[in-house]
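Supplied in structure tokens, the structure appears directly below.
Note that the chains take the letters A, B, C and D in the order they are written out, and that residue 1 is the start of every chain.
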């Protein structure tokens, strides 16, 4: 749609041009605001009807778009006096940029100055010529002229080249007034994104805390962790099973051996096995994953040896059932009902099938202690079991029992970070209540 | 004490019945209510309306990205959402870029697009075409890196579309580089792909994001709604029914919601009976917690 | 050599990706786009193929050793080979894709969709026998659950009351609870990622 | 409904009933259907990976002269050394390449979206109280939310004994968490039942009419 019509032929021709102009206007009005591809065709029609041009826009400012990979300018201005005021006849604004930037070409077309080889693609910089890089509806006071960075894409334009801008105010019937020219300005990419300072701070603080805490824990420093109600529940449940002389069932869940919840479950299993060895109660550990089974066997054997009952340990306490979700659960239900287990432990990674376990267990009248970090399973465990270790409590329980330096250090680092975050949030909320604008504006991420 | 014992064995017998009776009862109730096809009014939540209003505010020719990251096991809740969104896009001539980042999902996504085009053809006589009205990019492994890749340029992870047609030869895709050319991403998912869209899609590229998720996950995403990281949530079958009503094609989800009333009532009655029995037989919690 | 070099790769790549997030400049985007985002899907394809290979191996050993229920492993292998043959060959010989789509629509969809619908029965049976208000916490949970479950019930005048109560539960206490959990999960993911990059956590390397 | 669809629907319906038969008891039909879907979906992965990755991202890139795509392909094949015990250490290199990228990308963004954004969201909800539109209820709810967040965080705080003041704060925290779990419970029940409803809709509305239609 080239739009530039040569006026001054016969009257008939003028009429159809006016009609065409009005038509193109209606299409323009409905076209979307910011066309991603800079529309190089001149879209403002020549002034066909004597119409006093609307007032031009004032104090145009152009600067490189900050915090980006370059190839972008941000223009701001005050809208024309005739826009939503005065004669209110402003249809739109058009942004023009000089020098013109034509391309990409495979090789230079003709001798002339201004041919630039941009990584194998030829572009032509034409001084004194204007490109239209954007049209914006009325009552908008800013525009981002964003170019691509790939040298071969049609909307690419180079960094570190002085471009000047002007903004045309286009009247309802096509009359135009130009703003003052602003420039030259160079676009460039930044090496640090200022808006992400908060994120850098948070990552450095948390990383530092993590490293120091893990090193302290490895150095054997006594890091305090509060006693957990969950651990008392575990001990009480074992005690009750011994009174009733019925076996204890320990289910490590469906997780793979490297998942944190499964690792935490091994630590608690070793404590349960140690107590079971002391009280000489029977322990049953059906496993879903063969590697988890081997690790569980080693854990239980070691716990028996630590309790001085090495010879009481026999291999088939910990056995592999199957790798199929529902079949595994069905097999455990059978064991629960057959052996009338007094206490059932479900600690580790669980999915939707955990429901059937907890239901059969409560039917068999056994005490049930569960713990998982799968948030979607927690509601069902809470209402179906006697006690549930919720998410991080499972990690805390294993850190409390096992004192393993990495887990302990990480837990303490997370605790202190949460403390810092709570103070930060308190400060922000206070600023919000007292309406201290400059302080609450700090608590914003502009990425 | 005798009276307590007799009450105890009534409830004991009641709860000791074989679980298959419970299954049979639920199955029968659902089958009957599906046949009866009752219809209940569907209240529209703010979270669903904000997605509908946003889509309505788009002009024809705008682009949106529909990310269908689910597989057949959850199509009951999520397929009606996809169909309703596609219907709205085709009606308003909004161009749709579609991806399916779950390895069991692409075949189902292609089928969903086909039925949506067929329905649009039956309504308006025009059949939306690949490359003109919609583009289906298909599946690639490692969703996190695919979401980041599309943030830089769709062509990095997807040189071709699902039918192995090069992207640059699709008329709709020229001038479309990454999320800056797309008005919003609507992620319909049953997996943690939703978390990855929030963290790696909206978190890094600030693309406006709305989600349609299964009931299991829906409540976990309200914090993101408050911070504005997402601008709408369709929660499970209810979200699907709301969107079907908003788009004006009440279908499987709306019918399903009426049957849900029966299903939920059974569960609530079971919980209440169960607890009456529990308190009646005075089984104190053994640990006194 | 077997352990040191992978740790160096992880440390250098991980550190670059962390720093790259804060450097919007064009130069930092080159490696990010053309290596970090372009190559992994290719590796991912082979990694996923690994899962299929180990499934085949497990099924074959089950059949060879006549392990319990080995007959079903034959069904798995038949399903695997026909589907992949129809799919792969189908790409070059289009009429086969009809069979590929037929298998998907009439085998995968019905079975996967039905598999998880079993959970509705397990919830019903558990609701009847296991979901007890045995503690204060369980009571709060059940009361909130029942209110939320009745949010779309047609209760006449009561509908809007229950609806607004459920809406309040979702947007206030649930928002607070899930936001606190999110903060914990976020810190957990970041600490695990840091431990992997700094080589503190090496379990993925396995035993050599 | 034409003959072909009736046949397909019958196959789908029979397989659906095979899975439902598990409700009665674990039986050969259920085992058959389960093992069949495991095989078919594995075969489906092979085809999707071939059509969606091997051809566009490897084959066409190599044949288009971009030889450097050989490097990720080799790294991918090295991943298969995990099968052979003796060579499985080689698979650490592709794994290291992938893990390095994914963990590096995760650190800043998870911290930003799951931690900072949530804290700032709460702060901004208080700052927003001052614009005219907020009524009493919005203020009340914002206060309840911030109390809920702080008490829940204190519940997950392990460095200080839950006694006295901290104890009661943590108690309010666990109550908030329980209401949150109640909401999840309610929505999960809806999710599970809708899967069953859809299957019954298929059997009753699509399959049966087809047979007797």
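In the analysis below, a residue touches a chain if its C-beta (ideal position, glycine included) is under 8 Å from a C-beta of that chain, and two chains touch if they have at least 3 such contacts.
All values reported here derive from a predicted model rather than from experimental measurement.
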Report which interface contains more C-beta contacts, comparing A-C against B-C.
B-C
So how far apart, in whole Å, are chain A and chain D when each is placed at the average of its C-alpha atoms?
15
Euclidean distance of C-alpha centroids - chain B vs chain D, Å
12
Shared-interface residues of chain A (touching two or more other chains) are 196, 199-200, 203, 206, 229, 326, 352, 359, 363, 375-376, 379-380, 382-383, 386, 391-392, 418, 421, 447
Multi-partner residues of chain C (at least 2 other chains):
18, 21-22, 29, 36, 38, 40-41, 44-45, 47-48, 100, 104-105, 108-109, 112-113, 115-121, 123, 125, 129-135, 137-138, 141-142, 145-146, 149, 151, 170-171, 174-175, 178-179, 181-185, 187, 190, 192, 194, 204
Pull out every residue in chain B that's touching 2 or more other chains.
15, 19, 23, 26-27, 73-76, 103-104, 107, 140-142, 145, 148, 203-204, 216, 219-220, 223, 226, 238, 260, 263-264, 267, 285, 289
Topology of the chain contact graph, where touching chains are joined (line, ring, star, complete, other):
complete
Touching residues on chain D, where the partner in the complex is chain C
8-9, 11-13, 15-16, 18-20, 22-23, 31-51, 53-55, 57-58, 69, 71-73, 75-77, 79-80, 82-83, 88-89, 92-101, 103-111, 113-115, 118-119, 121-122, 141, 144-149, 152-153, 155-156, 173-190, 192-193, 195-196, 198-199, 202
Of all residues in chain B, which touch chain C in the complex?
15, 19, 22-23, 25-27, 40-43, 45, 71-76, 103-104, 107-108, 111, 140-142, 145-146, 148-149, 152-153, 156-157, 204, 219-223, 226, 238, 257, 260-261, 263-268, 270-271, 273-275, 278, 285, 289
In their shared complex, chain D is touched by residues of chain A numbered 196, 198-200, 202-203, 206, 224-229, 324, 326-327, 330, 352, 375-376, 378-380, 382-383, 390-393, 396, 399, 411-412, 415-416, 418-419, 421-422, 424-426, 428-429, 431-433, 435, 437, 440, 443-445, 447
Taking the touch rule as given, give the residues of chain A at its contact with chain C in the complex, in rising order.
67-70, 149, 189-193, 196, 199-200, 203, 206-207, 210-211, 214, 257-258, 260, 326, 352-353, 355-356, 358-359, 362-363, 375, 379-380, 382-384, 386, 391-392, 406, 410, 413-414, 417-418, 421
Which residues, counting only chain C, touch chain A once they are in their complex?
18, 21-27, 29, 116, 118-119, 122-123, 125-126, 129-135, 137-138, 141-142, 145, 181, 183-185, 187-188, 190-192, 194-195, 198, 200-201, 203-204
